[in-house]
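Each of the next two complexes has chain A plus one other chain: chain B in the first, chain C in the second.
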Partner chain A sequence: MRRSYIHILLYLALIVGVDLLTHALGKSYYLTQLTMSFYYSMVVLGLVLLMGYAGQISLGHAGFFAIGGYSTAVLSTINLMPYKEKPIIRLLESMGFLLMREDLYGARILSFNPWIGVITAVVLAGVVAYLIGIPVLKLKGHYLAMATLGFGIIVYRVVLGTPVFGEADGISDVPGFQIFPGLSINGEMDTKRMNYYIASAIVLVLLYLLMNLINSRVGRALRAIHGSEDAAEAVGIDTAGYKLRVFVLSAVIAAFAGALLTHFNGGIGPGESSVMKSVRYVAIVAAGGMASLWGGLATSMVLNFLSLRGYFGSYDDAVFGAVLILIMLFAPEGIIKIGRRQ
Partner chain B sequence: MNLDLLFQYIAAGLTYGFIYAIVAIGFNIIYNTTGIINFAQGEFVMLGSMIAISLHPFMPLFPAIVLAVVITMLIGAIMEIAFFRWIESPTILRMIIITIGLSILIREAALAIWGENVRALPYFTGNEVTSVSILGARVSPQVLWVVGVCSVTVLALQAFFKFTRYGWQMRACAVNRDAARLCGIKAKNMVTLSFMLSAGIGALAGCVVSPITYSQYNMGVPLAIKGFTVAILGGLGNYLAAVAGGIVLGIIESFSVWVLPSAYKDSIAIGILLIILFFRPGGLFGSKEELALKEF
Partner chain C sequence: MAAILKVEGLSKSFGGVEAVKGVSFDVHEGSIKALIGPNGAGKTTLFNLLSGQIRPDSGSILFKGIPVQGLSPHRIASLGMARTFQQINLFHGMTVLENVMVGLHLHTKTGFFSGMLNLPVSRRDDRFAKEEAMRILEDLGISELAYREATSLAYGQQRTVELARALAQKPGLLLLDEPAAGLNIKETAELGSVIKRIRDSGITVFIVEHDMSLVMKISDEIMVLSYGQKIAEGTPLEIQKNEEVVKVYLGE
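Right, the complex of A and B next:
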């Protein structure tokens, strides 16, 4: 455990260092992309648990990310003003579930508090993952890959074809998410640094929780399942139960990340649920060494940041395809092995 | 509903159904010799039609198609030799990820070469408005080309596997690779051959269907998913069942336009895929015992 404290200290030093460096260089706009990278990295961390530890591939996690993002986007932009006098709305308002704000033109909009949006996002993704997970996780190998891919495509099609979700335009003008007064996730200029620290802190907490999980009975059970499902079953591990719980957990993390990024960006588009996004997460997990939280995080931060800054130009997808192939051909154990326990 | 219209829908369903069947057979050929599902299967169809379209200005239609098929077969062979041949005891997860990566790279390369434009080969006989009358329904002669070429391909493949030495060797590898190797069959070459065959039939299918469905750099993914659905529907590894499965899916899709908005048409195949995977992973015609013997 001592080593992981050193890692955490290094992480904190790096976070502060990067902030000070970008500030000193006058490139603090980098923080925006870094913040976004942190949220994408959360999905990667969840997938590390699912793919690296439990050994189950998912080509549909962009779907869960989108479920999270769209849930909170719909709830926090829906205008309930016309129904203001309905008893149910009055009840919700009195319970603090609703929030009044003004849009760009000064019109008053009554919609759900982002807290409700984020909680709904997480719960909904959890329920969907649970319902999908029961039949899907019985499958192995190719079948599992195809079934999760199919799920991802269905989410993409639904998002693209449904007016509530803004079809090809997505949903914009999503308000910021005020965690508590003085601390909120939004894309405004003056809160850029605060958002950078919020995102890095959320990732750190997530890392800490996942590390504890991995070094517990659950983590050992998952590694046993990865080694051999039959053998794990034989020593009394509830393989189906563990796989399902990890699947739901990783989906919930993805949805949470999607919800937070949507509030940070002020919107979400159908591209977030595309197959290519799912493949991208898988590529990053593979490049990070599959069963390595730190490796996954580091790879994710670097690749996502470079991609978001547009360094890959129009070869963005090709870069991730190439990363996938090269890693799988030459270094299936991943390129980064920090914090890896044997 | 009148009978002509019914027949019209069936004809459209058959056209797509045969293409799905060919893609599914491509999956099966590679699956049988290697045990892996090649997620880049749809890309072969795209490559075949795009290459033929590029060649066509320089030569007549049929040589262009033949050359396109040969080039795609070479690409298939290169793919196998460069990425799969030398990997020792690969895990399934690793293989899946490599084929996914390849499909992305091929697609991006196609985007860089051909751009986003939608292209098409000319109709083989006549043009867009030519039609022949069958049982009172007006059908484009291209539909007959698709059905004819695909049927001949399936029959030729059957003959290849039944009557030729290479066909026997490939089947031997499918049954038991180690035993086949012990009999002196060069299993690795058979794998290369299977990639070439499946690339070739995919490319051919891409060419015949191009006038009707058009070709674009990103046409591969939906085709791969539908082809996989059909392969599963018939039971992985089963060629003739794939044809039946393809026709079933094609016709279901074509009739679905009545009940669902056509934007959701693609979701039907995926829905069927998920249902089959959940309830009958051995396929409609497959048995549970057989499935238990297969490794995924």
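Right, the complex of A and C next:
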């Protein structure tokens, strides 16, 4: 436990250091890509738990990310003005579930409060993951990979082919998410720095929660399942139940990240749900050391930042594919082994 | 003595092989019962049926009066049955201490929520599991191995860790599948007294073992399996004198 607190202090120092450095170098626009990388890294952290600890692979986490992003995008951009007088709408408004705002052209729009969007995102992803996981995780082996691959393709196709989801254009003009007055997740220039700190703080809290979990009875049970499923059952661990709960948790984290990034970016497109995105997440987890939260986070921040800055050019997807192949060939346990137990 | 385990007409075949054929027997509470028989007789299969690892084709298993045939292994474990494996089955990537702490899974209750928030219940469970696991390791004389990776240990030590993990479950019935395999004479003798101590602490022991001197020394009752069928059952003395047993097993 001691050691994790030192890690946390280093993390904080690094966050502030990077902010000051980019500021000093006049490159504070880097903060935008770093903020995005933090949100993508949340997906990676959830997957570390699923892959590195429960030993299951998901090839559909971009699908959960997209469920999160699109849920809140649809709810917070839908215009309920025409139904304003309907009792149900008035009720929702009086309960604070709806928000009035003006679009770019000054027209008044009544849509759901982003809080509702984010909560819906998380609940929906949790329910979907549960429904996928129940039949599949009762079976031993890598059936989850296949089922989630199918799920990811379905989400991608649905998003591309459904007008509500903006088809190939996606959804834009998504408003910011005001967590409480003075603290908002949005893409405005003057809140760039605040958003960088919000994202890094959310990741830190997530890290702290997952680290606690790993060091608890639940974490030991998960590692035991990974170590020997038969023996884990024999000591009384409900292996199917644990795998299901980790899968749902990781899906919920992915959806939460998707919802937050959508508010930060002010929109979401179908590319976020593509299977290649899911493969990316898996490649990062593998490169980060499978069962290492810190390794996964570090790898994710670096690779996502470089990718978002366009360093990989048109080889972007190929880079992640190559990373995955190299890891599987030469270091199936991952490169970064430090802090394995964290 | 009451029966902690009552098995009736238990059968299981794999394809054409009838591994266990209509086997019925009782295990009496507080006793050490041994299961012997030639290689491939179906002993491990019988254990796997009892612990829920595989489902029987027919027959019934009453554990503490509860029908358990067809239940999943973790449900059966939660009723108080623990086991070790013929092929050592430790959690790789975990220390000896952690392996034994996992054995206390059913005696702790931290869930996802309290684990993530590190609530008092989680800290209490950790402390309890650690102390309890340490106590068991000390009891078995391997506490100095607590922080070693379990699967990196010598064979005999790994067997002891498996035993420690099973004891951590505080079972009513303990199934041991060839615990002396790979142990030297001294280790086997120590194992014998450990098993007796386990029985005296109130845990019923059902043991599969090839080492006849060990079996004859510790068992209250012995059952013999051959080609999936029970061919004899009785005290060590009766078994030694049983002609059929001598023919199919002891004599070879």
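In the analysis below, the second predicted complex is superposed on the first by the 336 of 342 C-alpha atoms of A that agree within 3 Å, B and C clash if a C-alpha of one lies under 4 Å from a C-alpha of the other, contacts with A are read in each partner's own complex, and residues count from 1 in each chain.
Keep in mind that, in the parts below, contacts are C-beta pairs under 8 Å (C-beta built on N, C-alpha and C of every residue); 3 or more make two chains touch, one makes a residue touch a chain.
Every value quoted in this text rests on a predicted model; they were computed, and no experiment measured them.
Trainee: On the A-aligned overlay, A:142 touches which partner chain: chain B = first, chain C = second, or both, or neither?
Mentor: First partner only.
Trainee: Return first, second, both or neither, reflecting whether A:329 touches chain B, chain C, both chains, or no partner chain.
Mentor: In the superposition, A:329 contacts chain B only.
Trainee: Who does A:213 touch here: chain B (first), chain C (second), both, or neither?
Mentor: Touch status of A:213: second partner only.
Trainee: Quick one: chain B or chain C, who's touching more of chain A?
Mentor: B
Trainee: If we overlay the two complexes on their shared chain A, which of chain B and chain C does A:164 touch? Say first, second, both or neither.
Mentor: Neither: A:164 stays clear of chain B and chain C.
Trainee: Let me test your reading of the model: by the given contact rule, A:235 touches which partner, first (chain B), second (chain C), both or neither?
Mentor: Only chain C; A:235 stays clear of chain B.
Trainee: Kindly classify A:13 by the partners it touches after superposition: chain B alone (first), chain C alone (second), both, or neither?
Mentor: neither
Trainee: Quick check for you: in the superposed arrangement, does A:275 touch first (chain B), second (chain C), both or neither?
Mentor: First partner only, chain B.
Trainee: Can you give me the overlap between the chain B contact set and the chain C contact set on chain A?
Mentor: In chain A, nothing is touched by chain B and also by chain C.
Trainee: Where on chain A is chain C touching in the complex?
Mentor: 209-210, 212-213, 215-221, 223-224, 226-228, 230-239, 245, 249, 291
Trainee: What does chain B use to touch chain A in their complex?
Mentor: Touching chain A: residues 36-37, 39, 83, 87, 91-94, 96-98, 100-105, 107-109, 112, 221, 225, 228, 232, 261, 263-264, 266-267, 270-271, 273-274, 277-278, 281, 295-296 of chain B.
Trainee: Sort out for me which residues of chain C touch chain A in the complex.
Mentor: 51-53, 72-74, 77-78, 82-83, 85, 89-94, 98-99, 101-103, 105-106, 108-112, 114-118, 122, 125-126, 129, 165-166, 168-169
Trainee: Which of the residues in chain A come into contact with chain B in the complex?
Mentor: Residues 51, 55, 57, 59, 135-136, 138-143, 145-147, 149-151, 153-154, 157-158, 160-161, 275-276, 279, 282-283, 286, 314-315, 317-318, 320-325, 328-329, 332 of chain A touch chain B in their complex.
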